[in-house]
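We call the chains A, B, C and D, going by the order they appear; numbering starts again at 1 in every chain.
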Amino acid sequence: MKVSILGAGGLTGRELISYLKNHPNFELVHITSNKTKGKALSEVFPELGWDDSRLKFSDHSDPIPTGSLVVLAVPNEVALETAPVLLEKGHKVIDISGAFRLHNKEEFEFHYGIKHTAFEYMDRVQFGSPELFREKLKKADFVSNPGCYSSSVFLPLYFLGDLRKEIQSPVVVSAASGVSGAGGRTEEIGFTFTNTYENFRAYKVLSHQHTPEMIEYGFWNSPLHDLVFTPHLLPVYRGILSTIFVNFQREVPVSELENVFQKTSSEPFIRKKPKPEDIELKYVQNSNYLDFSYRIKGKQMILTSSLDNLGKGAAGGALQNMNLMCGFKETEGLLRL
Amino acid sequence: MKVSILGAGGLTGRELISYLKNHPNFELVHITSNKTKGKALSEVFPELGWDDSRLKFSDHSDPIPTGSLVVLAVPNEVALETAPVLLEKGHKVIDISGAFRLHNKEEFEFHYGIKHTAFEYMDRVQFGSPELFREKLKKADFVSNPGCYSSSVFLPLYFLGDLRKEIQSPVVVSAASGVSGAGGRTEEIGFTFTNTYENFRAYKVLSHQHTPEMIEYGFWNSPLHDLVFTPHLLPVYRGILSTIFVNFQREVPVSELENVFQKTSSEPFIRKKPKPEDIELKYVQNSNYLDFSYRIKGKQMILTSSLDNLGKGAAGGALQNMNLMCGFKETEGLLRL
Amino acid sequence: MKVSILGAGGLTGRELISYLKNHPNFELVHITSNKTKGKALSEVFPELGWDDSRLKFSDHSDPIPTGSLVVLAVPNEVALETAPVLLEKGHKVIDISGAFRLHNKEEFEFHYGIKHTAFEYMDRVQFGSPELFREKLKKADFVSNPGCYSSSVFLPLYFLGDLRKEIQSPVVVSAASGVSGAGGRTEEIGFTFTNTYENFRAYKVLSHQHTPEMIEYGFWNSPLHDLVFTPHLLPVYRGILSTIFVNFQREVPVSELENVFQKTSSEPFIRKKPKPEDIELKYVQNSNYLDFSYRIKGKQMILTSSLDNLGKGAAGGALQNMNLMCGFKETEGLLRL
Amino acid sequence: MKVSILGAGGLTGRELISYLKNHPNFELVHITSNKTKGKALSEVFPELGWDDSRLKFSDHSDPIPTGSLVVLAVPNEVALETAPVLLEKGHKVIDISGAFRLHNKEEFEFHYGIKHTAFEYMDRVQFGSPELFREKLKKADFVSNPGCYSSSVFLPLYFLGDLRKEIQSPVVVSAASGVSGAGGRTEEIGFTFTNTYENFRAYKVLSHQHTPEMIEYGFWNSPLHDLVFTPHLLPVYRGILSTIFVNFQREVPVSELENVFQKTSSEPFIRKKPKPEDIELKYVQNSNYLDFSYRIKGKQMILTSSLDNLGKGAAGGALQNMNLMCGFKETEGLLRL
């Protein structure tokens, strides 16, 4: 299957290229980047060891190879404009931006600060979580990949199953991400070495755009609860750790939780660990895994979860979806480490 | 005033020495360290620029200069044994360990894993928070310094004043500390570069020993609430950031909160900032400041607070208390940066 | 081909396992580690995503599967004892320690501080540099892998070809390595976060054990020159950058150098870059590449080179040699990123 | 003495303000910054704990308080224009830029890429190294502060005294600096977290503008030698370590070197340490010290030296000069830690 990546010059694009490099079923044929157009991939990202110097960055407006699966690693505005055009031309499309994640238009426009100009496609798009929608993804031609923070939160919540009905609102989440999860390649002052290293801070307090996703999919097929989310910026390159506080209406025994979480054992990229202290960035970096664990004391439970924001949180998760969309083995190309 | 520091070879001891170096009223006369006894201070800590090579580390059992104020920067067990002896000899004592912080013996023994062999001194010891007990500290001869995480949590809560009566339990706290707040000079595997750098993890989930302090002093003179505390280890050297989630029983207007927090403006080392995103480790490192701010949306408030675990959280806070105990200017020696 | 790794619990062992995971021709059948014996690989290194929980760490004294290629990732003393036994049993052996690198016994015993008890094997062992000894490696059954610093220095020097005859002694080398190149998983005080982070220092000044290797192979088939080597410890996890100063007897034109270096273009893992400033750790981390470049002004040349001390400098380089020893494609399993 | 700092919004300006805060003889009365003009110092740099909110950043063109000592922490071009005007108005001036360091006009224009429009002032300016020119500095009204890398190299060389006559050219220097020594507060892509952290690289190979300073003052009152200088960028915030290779014409015994270096013992900010491995960034960070040591083997000597690029390498060194210029105690305000 041929693959085109629009916006391939960013961190997510680069990561996806590194995953695709050794994938037996996908062939990368087209990459675009406004900043590096005309340059060879091997020149822009020498660390990827891409030998074939013929693959060059195209302009965003250049024709896209017919029949290729198109990955959108572009800003939200560009995804909104581009996805409909590509779909009409018959491309399979996977969008890594946030443009097609929220089913509530007002919420989208509040959080993303732009008009949603293709809202009719929200009926067609499939949210890209294999753990929730595996069978639907096998038939999908238009997939929206989850946000990096989102997956680290809605997946552990979703795994609680019927226990979610016995939660007291709000669920409180404190999460921390490395700079690559927050736009670190750009030249913003907030991401200079001087302002990040030996530092730590909260950002977008009570206003992060991934919050509605966490609620919609964390409580999928269950009554909704409030969720208060506070992201923080870590002086690390990659990885997200989320610490999730759940207050139950009753004391839930460990045996019941163990039983509920048992169903995650068949998931290829979900690993339940014995203790919440076992969840560390270093165990998931460069991988497509989500690790999680918990401790409960009476009604109060602390869940910790971790994933690589560029892996399961972006490029890895996207490739898992692409494998499903194209009928390939779900784990193909994703067990590289 | 002469000062002796027992356990001066650790990170807190070193920090206190650096604060005392230019203090006009204190004279450091005696330092002990089992590991470096016999060596000159200038040799062990060349970075302090201590010129007088005559000040050497003594053994813990060497006689302590009569009349000196004694700082205990030793393990809890040693503080339990040593403080009573020193007090009986007429020394003023400030204990930076956790030995004399908790008024509930069972709680102490659960959290610290040792018997409390000097519990009668809990009636005599003064908890060392100038913001809560300034006048009492001026008369105290035995002070117990707060834990580093504790101050970052109980102070913002305490500042809520009567609003604390309208809180719904539990308060949820997620905090993160640099390695110097967690024993980073020791050779433990958990604090090697390899296991800390480019990493992040929770520890002591639902079991950290500072939790009871946060409740006791955060709700001082107010009904108690549950508090769930999760500490994390940051790949930085120094600094603590705490993110505190408070759920009120009613919507509290910003004007009411601004009014309540107004009283912190007279505190020399408390700085209220405009936004919770303004609270960063880098603004408090190497200082004795505690910075805090908040955002509220309906009933839900996020408070962020930050301090240097070696500054306000240990050596700086101790010096502030020592100034009070000895009748010196409260800020003396603490505005070095 | 079956592979056994002795000493697989260290950083080099772990890296080699990660390379072998997707190698089509090697099958990892036996791993030993004194510290973690009895535990499953998937438990000790969860980050590797090794699914098969049956592969467990054995004791060093357990029998080694017959016919397997044995990788020695053990201390020098253990390699000295073990290699001869394994060779006599007919195993192919590759030694990643320094035990069989130096052909001068006195030099070995001076630098490594131990007696060389198997010096007769120095006639049999093949030094593991494909760039120098590719054809010999294809026939070798006993290979000694180069030191990590060594490869970063002797390879660029060797590539100078006949120009090495026109060098003035000494060649001066300043190099810097991340902690994983210097034993960073151990609990030594020198590798705590506190002593490494926000720090930089030289070590083993004028006494590093890789120096004789650099001379022997950097000037292979050419007159020897003095070489002064100073290693430094970087606050990074992986990667080595070497800055090499060469003083020629005459002004050497760039065209002549470009011509000489042309021959590296056929090497699969050597990349000559346009400028010495293009050589950065980040371009070689996690890979098996050695990048290098240079600038010359009159007689004075600065060469910079970079490799991953766990990649080309250890596990990657070893796998390249193993591919050659077993008749597999030289690059197999080494282009993962 | 009143002090004005032009360009006080940068890292050097901030550091100097932190030094001046507790200085008994200097009073900071005027600060300028084009980027933050109109804002209070306490707002721009809250971490300095500057209580008096009346001190605000002025525009560069605002009138400068009469009689104040003026510190130029501005770009080279601005210093070239401003210094003459200030001197004519009778201000004492200390320039931290590179504008008035080199006595060779062509060399200046080559390295700095601008015309030197005030070269007649090179007769009047005093180079600001107390170790070389203490008595002259006491009478100077116009001082040019050395470059940060420069001091770390020319001082150890200068301390060699007459032994410099027995050096073989070239001296080879490899140095590494934290990002604050290389413009790290700016938004350049080279100083983002992503491009600096877990990375290391050489820059300005064979072309760094501090090289002529190192030669001029390292060989002051002695025959000149070639010096080859290679700077590198470290993933740390502050600190410079230089590794200097000197090749003597004869074997120099340690006793002779110890004797020569003896004279540094009277210098208040120079510390000779026992071994070259004792020189670490962490011992000089936040201080005005230069630490150095060496090892010699036959004719070959490795010197290591370290300083804080913002301390002895910029603001600290400047304050030491200012103390001399104004007749204050040389160490006043510089022993803060």
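Basically, a contact is a pair of C-beta atoms (placed from the backbone, for glycine too) under 8 Å apart; a residue touches a chain by one contact, two chains touch by 3 or more.
Quick caveat, the model's predicted, so the values are computed rather than measured.
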{"item": "Reference interface B-D: repeating pair among A-B, A-C or A-D with over half of contacts shared", "value": "A-C"}
{"item": "B-C or C-D - the one linked by more C-beta pairs in contact", "value": "C-D"}
{"item": "Whole-Å gap separating chain A and chain C, where each centre is the average of the chain's CA atoms", "value": "37"}
{"item": "Whole-Å separation of chain centres (CA-atom averages), chain C against chain D", "value": "39"}
{"item": "Gap in Å, rounded to a whole number, between the CA centres of chain C and chain B", "value": "47"}
{"item": "Touching two or more other chains - residue numbers and ranges from chain C", "value": "198, 235, 237, 282, 285"}
{"item": "List of chain C residues in touch with chain D within their complex", "value": "170, 172, 174, 176, 178, 195, 198-206, 226, 228, 230, 232, 234-239, 241, 243, 245, 247, 275-277, 279-282, 285, 295, 297, 300, 302, 304"}
{"item": "Touching residues on chain C, where the partner in the complex is chain A", "value": "18, 21-22, 46-49, 198, 271, 273, 282-287, 289, 291, 335-337"}
{"item": "Chain D partner contacts - residues on chain A that touch it in the complex", "value": "11, 179-180, 184-189, 191-194, 196-198, 235, 237"}
